[in-house]
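Each of the next two complexes has subunit A plus one more chain, namely subunit B in the first and subunit C in the second.
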Partner chain A sequence: MMRYLESFAIPVGALLVSLLLFGLFITVAGVNPFDVFASIYRGAFGSWFAWQDTLVRAAPLMLTALCTALPARAGLIVIGGEGAVVVGGFFAALIGIVLNGVFPPFLVILGMMLVAAVAGAVWIGAVGALRHLRGVNETISSLLLNYIAIALLNFFVVGMLKDPATLNKPSTYPIGDANMLGAMGSSSIHWGLGIGIIVCVVLWFLMRRTTFGFGVDVVGGNVRAAQLTGLPVGRLIITACALGGAAAGIAGMIEVAAVHGRANTSLNAGYGYAGILVAFLARHNPLAIIPVAILLGGIRASGGVLQRAHDLPDATTLVMQGIIFVVILASEALYGRLRWLQPKAQPA
Partner chain B sequence: MSNDEVGLFGIVFAVLGGAIRVGTPFLFVSLGECLTERSGRINLGLEGNLIMGAMLAYGVSYGSGSPWLGVAAAAGAGAMLGVVHALLCQQARVNDIAVGIALMLFGTGLAFFWGKPFIQPSAPHLPSLSLGAWSDSPALRSALEINVLFIVGVLLAPLLAWFFRNARWGLNVRCVGESTEAAMAMGLNVNRVRLLSTMAGGALAGIGGSFLSLYYPGSWNEGLSSGQGLMAVALVIFARWDPVKCVYASLLFGGAAALGPALQSVGITWGYYLFNAAPYVLTLAIMIATSSAKRRLPGLPGVFSNLK
Partner chain C sequence: MKRRTLLKGIAGAGIGAALGGLGITRAFAEDKVKMGFIYVGPRDDYGYNQAHFEGKSTVAKQGWVKAFDEENVPETIEVIKTMESMINLDGAQVLFPTSFGYFPHILKIAGKYPKVMFLHCGGLWDASKHPKNVGSYFCYIDEPMYLAGIVAGHMSKSGKLGYIAAIPIPQVLRNVNSFTMGARSVNPKITTNVVFTGGWANPVKEAEASNSMIDQGIDVVTCHVDSPKVVVETAEKRGVMCCGYHTNQAVLAPKGFLTTAEWNWSKVYADYAEMIKSGKTIPNLARGGIKEGIVKSSPYGAVVSEKARKNADDVRAKFMDGSMVVYKGPVKDNKGNTVIAAGKEYKQTDIWLESMDWLVEGVIGAAKS
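Right after this comes the complex of A and B.
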């Protein structure tokens, strides 16, 4: 177990340090930090109601985090999750509208999920392909694609696909109540959470227990070495990107099929950007993404409570996420430096 | 003059004026990013500097009555975020791109947190020069209503180019950006040069933000920036790390961004949202056309050659 001590102790320590810094920030803002922490806990995990809100928010975060984590394993920093969510959600809605009533709901949902995954995979796969074939910086291209996706969504949502009944918030026609992802059991948590967890586990197995995943890790560790050993570098990079994009595309489908019932600008609500933070916190490990996404979903869910109980702006949770992100990245410098966390040398 | 001609000229003037108005924040962030990248670091967090600068400039201008004090405050805040970026990145194994994303989130959060009270009140704006006063055409006059900050930025670009070419400090920055080993062999303090470059670059991005809130669009709200700070990195690649080309790149982007509103102003509303994508599609197309998987980009600072 000693082998894992460092990769567990340092993120947890960093999390505690960021809570301390956030507490200082809150004190400077003139609010008692202990009250605020208590409120965050209450708003995130304090009741079954809070838990449900947290888990519903965690579901898309798991999937968008994969969109950064998988390419990161191949050495690419992709920040295009937001665009993949939008594209996936848009195509899911399109399929839902077309197939509504034609096929039984089960097939419609499956079709929406498949099409959303393919759309996201093409969207982010293109980022990997551009990087490999043309040397285009993947961070910038994926960012540009976010804005392009949002513009396309706006174009269709106010244009040819607009449901005239939606006045305040232009949206597409609904996909039909029968085709919505229902709740799990008697809770108000929709099946998106189940899908998110399954995708994380499957991709963890793929990345950590198969030769494909090992190949991606080699490419991420040292491209030259990967080329010299004859690994298909381009294919590995593009596949890792496409898988991440597919996950984010499914996140968009979940937002459409479980929350809004139609595609509109709620799709770019920042899940893609928050997913970047989740991926880095989880050190790009698909299995670690699950608890981290729940933690972050909780922080985001507590924004409303902070506003009501302490009159703090809703950006408070944004500040907290920013502090956590900065401290986690700074803690990368500590790996291998803290003697007491290193595994003891095996006696020969 | 027929109606069609008025419409066409209207579009040209609106795009021209828009290029200058929308391009000015692009100009400052790209100059700042250019300076930072020439020293061998990428700061993707300038979006945070921009939004923080916009908020602080507006708040200070509102509180003190002097917009220029606001600009100074924005520069100061941007410089501080730049220092944080530089100090974090000089640690071992800390990735500068990831730190940039983190600081973007942090800066945006801080700006929204403290900026809440400034959403309603109106603050004194930055002055502008009416270079079109000789013309009868109101469209041309409004297009040539040039803000002082734009002129400052345009003058700054050749100054920065001269700095890189002739000044001792500028040569030091380039040396650090070309080869860390060579710079260390020369006895340069690599971390300090990068710290100062990132700090100055961050300050410029803060000034770019002050333009957003104090001139155009000219108010503080949470949807003020549409990724201008993030686009800086793409702009600098497009401008081949040359400050003077940053001016042209910024104007081109400003013009592309102004296309949709310009068409709308003459009554063409079809595809308004599609034209919103114009600057991003343009950047992507240019990056695909000019990048190469094999050779190094001309102008790319040497320390990035292994990243590419």
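Right after this comes the complex of A and C.
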């Protein structure tokens, strides 16, 4: 029980400290911090409309966060979520265009999701393989792969896959209205949120409740120890990377199938990079990613209200995210150090 | 325990303030014209977004207008949510989502809010396809680009101009062509090197392209990207001349700045605000150029010669009286094909110009990748 209390109390405490620091920053900027907090609440969680706004923005972050969180459990810092989103979205659109009208929408959507997951898995799996087999730094290689993915997308979107009707915003042909992911119930939230939550829960189970997940954690904790115990280190690293890549690939598919209906440069809207922040805040725990993504979605949603109500620049929300990031990372040092949060010593 | 009590207190204070805040913000006057502006990049980019922000700031000075805006809004579902938030939380009556890629997202929600007018910058509205509460406005900015070309043509010593462009789409190609035709009206031997960076905001590639152009002996550079800041500053640092784009960049290059093709959104937005105030029907399609006063040239830089000023001013007068036609045959593309036959002319309003996929003779570069 106390173990859970600690992993709850420290992040929440860190969050409150960062809100305090952010309040100071706002005061220095000449705005009443309580008005600003009120606006954040109003824009992010103050009404059903605000909640929908928050959740829709959180959906892609859940999946892109997994792209950093899973490899991180194996000890790799991967920042290639953006590229995996682009590749996943691109291949999803490609398969959607080919299958449009040939199969019923359910199968087309399933096909798009599978292909996007495989594309993302290969993309980030390659990062893991390069690291394990050739010793290439995974942070650098995954960052550079982002640029390659965007360049490939540009090449096809202005070239052979361009729909001539999209004159000034080059895009691929549409996947067809019938094959779009709709909204959940009567809300305006698309099914991307549901898929994101399901993937997070499934991967949490895999990482925390199976021998595979335990193996990955051992590799991340101490590679030498993992090798000595005979764990298949390479396979674990590459699989963890591939699973993360698959999640980000699905995020790309959702952007195509729930939002744009075709692939274009709007795929690289920065969700891959925002996901890195979510993963670190959630301490690479797939289940914790869900609330953290919602929190960040809320901050993004309220960013607009801050600009409109207080004439604060958009960078204000970035400052807030930055403060939260730094304080949470600093709070990592507190684990196991606060005596009142430790389990009582067992009587001898 | 004490610490926890303190935390509880802080949380409670926060919620109390939140509830109090709701009441205050609802109490705004109802009779103002409420206008929402959305930009894809930062307000102070010395470029496309700043031009719109300046337009918004001017209209916001009217006491009877309440104008609010949001910057850095991506062309994803986020812009839908931003628009809905402006409508639901701020009571926006008219929205100006200014980025070209916002259009499909506008169409998705326009039906849901029939009382709100959605005005998109880009000229895509089509009466047969789109709802009545959507409209578009756009300007013929290639007219001041043509004038900038004339100035560049006079000022260049090497006869080599450079154009750093985002992506090869009709809007961009039209500016490149008009600029080049302006320069070649002065000296038919002038060439324009064009480089496409592949994106609207790629500062690193923009700097690389500028430097490599200057290394090749190009002595006037201009650009069509969201923020001309990097190109203009690089040119100034390397001691060559430059023309800007979108807004006036004279402060960034006091020595080498020639002129800029500028938007004049202040007039456009003020006109729309007047229409709403007086209850007039807003036209679904609004376009114009130098004559209508919605695009202009920045004041000439100090280095611009008397001859160049006179030539550009003369042509501007022709734009004003409507006698100037840029796309008048014979025009060849840079592969030697005749694209506009002799005697044929395409006026600014001609829709054919809006599917341009060729580069005019004198441009070094390819329109298709």
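The rule is simple: the second predicted complex is superposed on the first by the 346 of 348 C-alpha atoms of A that agree within 3 Å, B and C clash if a C-alpha of one lies under 4 Å from a C-alpha of the other, contacts with A are read in each partner's own complex, and residues count from 1 in each chain.
FYI, contacts are C-beta pairs under 8 Å (C-beta built on N, C-alpha and C of every residue); 3 or more make two chains touch, one makes a residue touch a chain.
Given the structure is predicted, the values throughout are model-derived calculations rather than measurements.
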Subunit C versus subunit B on the shared subunit A, clash or fit after superposition: clash
First (subunit B), second (subunit C), both or neither touched by A:P313: both
Partner chain in contact with A:L206 - subunit B first, subunit C second, else both or neither: neither
First, second, both or neither for A:L114, with subunit B first and subunit C second: neither
Touching partner for A:F155 - first (subunit B), second (subunit C), both, neither: both
First (subunit B), second (subunit C), both or neither touched by A:I77: first
Which superposed partner A:L287 touches (first subunit B, second subunit C, both, neither): neither
Subunit B versus subunit C as contact partner of A:V98, first or second or both or neither: neither
Touching partner for A:V136 - first (subunit B), second (subunit C), both, neither: first
Candidates 45-53, 171-179, 261-269 or 279-287 of subunit B: the single one with C-alpha clashes against subunit C: 261-269
Residues on subunit A lying within both footprints (that of subunit B and that of subunit C): 151, 154-155, 158-159, 313-314
Touch list for subunit B against partner subunit A, complex: 44, 84, 88, 91-95, 97-99, 101-103, 105-113, 116, 222, 226-227, 230, 233-234, 237, 271, 273-274, 276-277, 280-281, 283-284, 287-288, 291-294, 308
Of all residues in subunit A, those that touch subunit C in their complex: 13, 16, 19-20, 34-35, 37-39, 41-43, 46, 49-50, 52-53, 56-57, 150-151, 154-155, 158-159, 167-170, 188, 190, 255, 258-261, 264-266, 269-270, 300-301, 303-305, 307-309, 313-314
Contact set on subunit A toward subunit B in their complex: 29, 77, 79, 130, 132-137, 139-141, 143-145, 147-148, 151-152, 154-155, 158-159, 273, 276-277, 280, 313-316, 318-323, 325-326, 328-330, 332-333, 335
Touch list for subunit C against partner subunit A, complex: 7, 10-11, 14, 17-18, 20-22, 24-25, 36, 42-43, 68-78, 81-82, 84-86, 88-90, 100-101, 103-104, 122, 167-171, 198-199, 354-355, 368-369
